[in-house]
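Order of writing sets the chain letters: A, B, C, D and E. Residues in each chain are counted from 1.
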Amino acid sequence: ERMMGCLSKETLNIYNWGEYMDSATITSFEEKYNVCVNVSTFPDNETVVTKMRLQSFDVIFPSEVAVQQLVSEDRLEELDWDKIIITDKAGNERHFDATNDLIDPLVAQLAKAKSETGFDYLKYAAPYFFQNITLVYNTKVISKEEIEEQQWNILRNPKYKGAVRESSRDAFMIALHQLGYSSNTTDLEKIGEAETWLKEQKKVMGSQIAYLIDEVIDDVPAGLYDAAMVFSGDAFTIMDANEDIDFYNPSVGTDICWDSMIVPKNAQNKELAYKFIGHMLSYEQGLLNTEMVGYTSPLKDVYNDVIASLEDPRLIGIYSVITSETDEVYSFDLATKQAIESAWARVKASS
Amino acid sequence: MDGLQRHVLIELKDLTKSFGKNVILKKLNLTIYENEFVTLLGPSGCGKTTLLRIIGGFERADSGAVFFEGKDVANIPPHKRPTNTVFQKYALFPHLNVFENVAYGLRVKKMDKNVIQTKVTEMLKMVGLEGFETRSIQKLSGGQQQRIAIARALVNEPKVLLLDEPLGALDLKLRQEMQYELKRIQKETEITFIYVTHDQEEALTMSDKIVVMRDGDIHQVGTPQEIYNNPVNKYVAKFVGESNLLSGIVKGPTKVKFDGMTFECEQQGFLKDQEVDVMIRPEDVKIVALGRGKIDGTITDVIFKGTYFEIDVTTANRVYAVETTQEYPIGKEVSIRFYPDCIHLMEKI
Amino acid sequence: MDGLQRHVLIELKDLTKSFGKNVILKKLNLTIYENEFVTLLGPSGCGKTTLLRIIGGFERADSGAVFFEGKDVANIPPHKRPTNTVFQKYALFPHLNVFENVAYGLRVKKMDKNVIQTKVTEMLKMVGLEGFETRSIQKLSGGQQQRIAIARALVNEPKVLLLDEPLGALDLKLRQEMQYELKRIQKETEITFIYVTHDQEEALTMSDKIVVMRDGDIHQVGTPQEIYNNPVNKYVAKFVGESNLLSGIVKGPTKVKFDGMTFECEQQGFLKDQEVDVMIRPEDVKIVALGRGKIDGTITDVIFKGTYFEIDVTTANRVYAVETTQEYPIGKEVSIRFYPDCIHLMEKI
Amino acid sequence: MKIKKTRKFNFSVIYVILVLIFCYAPILSLVIFSFNSDRSLTNFQSFSFIWYDKLFNDGQVMTAVLNTIFVAVVATLVSTVLGTLAAIAISRMKKVMRDGLLNLNNLPMINPEIVTAVSLLLLFLSLGIGQGYLTMILAHITFTIPYVIVTVYPKLREMDENMVEASLDLGATPLGTIWHIIIPNIKTVIISAASLCFTLSFDDFVISYFTAGTVNNISIYLYTLRRLEPTINALSTIIITGIIIVLVLSNTIKHKKVNDNEDED
Amino acid sequence: MIGTVKKAPGGRSPLLKQIKAYIKRPKTALERFKLLGIPYYLILLVLVIIPMILILFYAITTPNKDDAILLTLNNFIAFFQEEGFVGVLWDSIRISGITTIVTLLIAYPLAYIICDYKLKKQALIILLVSAPMWVNMLLRTIAWKQILSTAGPLNAALGWLFGMEPINFLGTDFAVVLGMVYIFLPFMVIPIYNNLSKIDNRLIEASLDLGASRKYTFFKVTLPLSLPGVLSGVTMVLLPSATTLVVPRFLGEGRYFLIGNLIEQKFLKSGLWNYGAAISIILVVVLFIILFLTKKVDRFHKDEEDD
């Protein structure tokens, strides 16, 4: 009957990661505007890029990785921030103010990205969650000293069972950082070195290494892995589930990332899309979402309230997303991306 | 002759049919009258089924035409022809019970329920299966199934009933019973039956007219007696009953020579010195005491056949098959003889 | 009699077999001698196949025993018995060619390749299928398949060959040919054949000894002529050939009364006033001019059968079936008569 | 293959039981965890119905379930009907055509799913068809219809050909014959073909994913979940229970039917 | 090729005339039945053949800078030159080969055993074996992951029975093959069962009658006659198991990179559609070759088809 009801109403097509928003936020939006929200889900950014060619969605939630690529392909609408109305903590309806409403680390990263690459995210994307990539490890097995000493190399230590994200960019990111290069390098030779590093890792680790996506969230607390590279948002869930697990942001550097809401050029219902973005940037919805997903909210009020409510210092630490100078934000370059993809295929194919 | 008075029902004109490179029917002509029991007789693969299927509308002839009461029916599909078929393996509908099988054709015509009830009951009575209405088809014996197949076809009151070796799957006793039954039904309903078989006894027993076929050709059309007693050639003679077949040379209007001797015969119409096939039916060969007949020989085999003995008499030139009611010991030396009217001459083929 | 000199091969003692509640074989006894052609004759469902399967070792009797040359074989599995079977629908191995089908039994015995080659070739020659060695089984006609099935069984030189309606699937002409062929092979190989059929003509033609069965009982065992001429009861008489069967009362040592008249007969051994079944074969009924015979009647049906006419004579009490070589017109009034030696009296059952 | 065997009884029964245990071990596990009060699929906390509750009350899950059922039903209906008709057509063809078509029919079954998915994607892209129910249903028809044909076709070949002719002969039209004669006779295989279609469609992820557009189904939902949650276990438990009920019912009904028939005689 | 179909200038093509005549000719019932397939033929054409042609087209082309399309075989050459890719193909075939053999070894005896049962029991067991297919494949795979994990019931049972230390089965060939065997078992059991149950019992009896033991009969009669069933079972297991994505992902700890993953990676992650299409084509060709070779083994089946 749900499907039937939607036939007669205005429909908003959302394309999001699975389980990435509280369904109450959808319901309240539907009720508020008497519309129907149709949620489709995707497992990775690449699929978004592919699927967008074929299908029009109204609001999509890709990572910064995809945003740049989509902009380079001229497939994103420039956001009209004037149309984005939020309801703040005080219950007032107003425009969104990026510099004041967003958390500081994010504002800093946005500024850094803009100055380094000239790319202005806010022109196209409204931040949704904020995070970095971190190492979680079982404190019963690995000591803090060892991980500080080995950095990402802990995932190349056959003594420990490790999990690497099944993602070319993320895998190469750790290799490049560990080798002392920028994770955004366009130097094919350096990428080649990273490829060797990863192949070496695969060889040395043998059955001690796993390439996982979201399974880590359940598998690490279950004790299946001693160390794993994960998003800080997932690390929060993991650490919440098992108190023996702590996190470490390798000082050789890691990636800072965020997911955003974008409106593609071929969106069918842009007006409603803006309303939806505004809805999701509102305090109440932001709180619901961060509580449900466990990822760090980019909304200052929400962020502060969550941190205030947390007691466990580990969790406070991971939720706050501590960044350092060596950390980097993805910058898109088609040739490099394809080189890394090809190299990753070779790594996976190697034995 | 009497065909002139009788009503022509079906005419086949120059029917030709091939499957791929194989010519199955070769310019076939045949006329079938109303209320006839016509049997197509021929060995396996001679095209009997194909011919029946063309009449029924299941196959299309390559050339030639089929006329029903003077009308070309080339473009009339099977379900609109006034024919019904009884298939070799009955082809009853296993998901329907006896009543529904028989009623099928009537239901298709959307007849009134009461009419259907009456007609089907009547027909089941006719084939002796009253009270079987609700039985499942699978629980009937072969003979009963056959009757249902016939009832199912007849209830539609077709002008022509086509039967393709309907008794082939039954055992001997049942087959004989059903032969009488079918003949009775045909007489009662006065429907034209076109009956396919490769069993000459069946053909002789049932038919008004037999059509002897071979390799897509019709060799002879006639009453059972005509076919049996005056086969037009060796092939027909051989196919319709046991016979001694040999080659002879005509030596005069009523004389034929074979086995080195000249015999009197009745048949005429052959030229002098023409080579002919000679047929002598085994029951027409008489065994007599040694020296009392024309040809001498020895009894080499005796098989008891119930009503008669089948005896092989080995003579200098050949083995004669003889049917007689008297038993002879193997090894006995005897003579054989034939009456002039038992020696049939036929064109060589 | 001569059974005393002959070697007993198989003895069945009080064989009983049931499937569920149905008793299929009822305390059956039978002795089979070496080099005999024994036919089990009976209607469908009387237990012939079951009996054969017990002999072959595919079924186990509930009670009673089977002796092969005096030895109880109850616990010997089929593949160790000196029997081979020709199955009704041949059961040839579709994945093997002709040669390999025939060679199967020899290969099982791990015979020398050359020996196999020789034996199979010989056997194929015997059944007239030389040169078919590499043919696929599916590409053979029914008759050819039948021969292969026989060759496959015979090549193992069994003591007994069991044949379950081996000709059932063939058409009449082929069936007749194969009957002679089988008889010839049996004579040549001197192997005991146990042959199952429900076709009495087949049984009469081929057998040394016929075993007439009904409902799991043996009614009569005898030579074809014994069975045909002196059936022990109405059932056997009816099953082995056409006959006029009626009820009569014995009126004296050579006298029997039926149809309100007393007739002379030959048979003896019945008590006075005993009720008996009377059998008169149709070929033993003579049609004579009206008033010249014992019973008067009218010709009501004439069917041409090739060698003879089958005539129905309707008399006051019943319809007599008559077989004669002379044709009579329907409706003619005639008399019929029988010779004393043609009137067979039998125990009532 | 009957011939009595007495000795092997124990071994064979044990073997069958072992295989069935193998088949049902994971099913049992997922049924158990559908009642877990925790989200974990590895740690059973305590018994609860929360996942059943979520299954029916979470809009996204319910939409996915309904979408899946809708697509599976439509695709199954279309595939079964068209596939059966096609099987009938093919069974009446000459050998060359028949073999050709049957080989072609195998193509989607032999093709790796991902290739089928991408090829359909390319097709819809080049035809400019917007993705949604239509494309997804078309895709599901594409990969289910071959199974209908391979299931139904052999049964048609087994069916007495004369039966069809008998029906025509008795005056039924070709369509009437299909409806009254052919379909009732191949009913069982049509049903099994349909249930095969339904399971295949129900289970499909790769092809659905590429062709779904904005339509989420269960598989896509599951695949894109960051963590599995026992809602789907709940759904599966319901399905399995349904199947078992149907099995038991059909067995007892058949029993009854057989008895009825026997009484009739 | 194309030239011959073209109309001769002036006169109408005789072929066209023939086709027209054929269409206009009144249809016999048989021909009418053939028309029923039209929707299906359309589906085949539009949804199977054309997409495959598209894939082929992509495989042999490469997009150029100025939107032109170039014919090339480079996509194919690249596959064979790229380090490790042939190994991926080989790995997929190895895993699916082992899966197929294990599935066969489990399914055949099962099908053989149940053929001895009463008909109703046969149907029940077949249903029981295929019923798990109604549960989402992903879920079943995850359930196996749970069973096989170090904390799972299998390790618990092993520990309890033999006092063994927990073994991590995940990520081993054992786990991956087990998962695939589990998923594909019904696809092997059903065709083999269908075939075995159709074998004429008299053939078995004939073999026994000719002196063969049960074992000999099995190997010389039953087994060869059941090859068609085995073959279709093999087809239905070998091909999908070579390309499945789910099982290796969840039971292989992500270390299994099979040809399906590679194709997915090229199409989706890298966006190299031409390359992905070429690998697909290579895969399809290799599978067809394997299938063809398997069919070769079954001579009898081929004979049957020749009729």
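In this text, a residue touches a chain if its C-beta (ideal position, glycine included) is under 8 Å from a C-beta of that chain, and two chains touch if they have at least 3 such contacts.
Since the model is a prediction, treat every value here as computed from it, not as a measurement.
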- Contacts common to subunit A and subunit C (chain labels): E
- Taking each chain's centre as the mean of its CA atoms, the one lying farthest from the centre of subunit B is chain A
- Message: Just the chain pair, please, that has the highest number of C-beta contacts.
- Response: D-E
- Task: Please work out the Cα centroid separation of subunit A and subunit D, and write it as a whole number of Å.
- Result: 38
- subunit B-subunit E separation of Cα centroids, rounded to whole Å: 54
- Message: I'd like the Å distance between the centres of subunit B and subunit C, where a centre is the mean of that chain's Cα atoms.
- Response: 26
- Message: At least two partner chains per residue is the criterion; list those residues in subunit C.
- Response: 58
- Counting only residues that touch at least 2 other chains, which ones in subunit E make the list? 29-30, 149, 151, 205, 208, 267
- Item | Interface hub residues of subunit A, defined as touching at least two other chains | 47, 222
- Please give the residue numbers of subunit B that touch subunit C in the complex, ascending. 43-44, 168, 171-173, 198-201, 204-205, 224-225, 228, 239-241, 281-283, 303-308, 310, 323, 325
- Message: If we count contacts the way the header does, which residues on subunit B are in touch with subunit D in the complex?
- Response: 56-58, 77-80, 83-85, 87-89, 91-95, 104-105, 108-109, 134, 136, 139, 152-153, 156
- Query: Which residues of subunit E touch subunit C in their complex?
  - Reply: 200, 202-203, 205-213, 216, 220-221, 224-225, 300, 303-304, 307
- As the complex stands, subunit A meets subunit D at residues 2-3, 13, 15, 17-20, 23, 26-27, 38-43, 47, 53-57, 214, 217-218, 222, 234, 237
- Seen from subunit E, its contact residues with subunit A in the complex are 82-85, 87-88, 149-151, 168, 170-172, 250, 253-255, 257, 261-262, 265-272
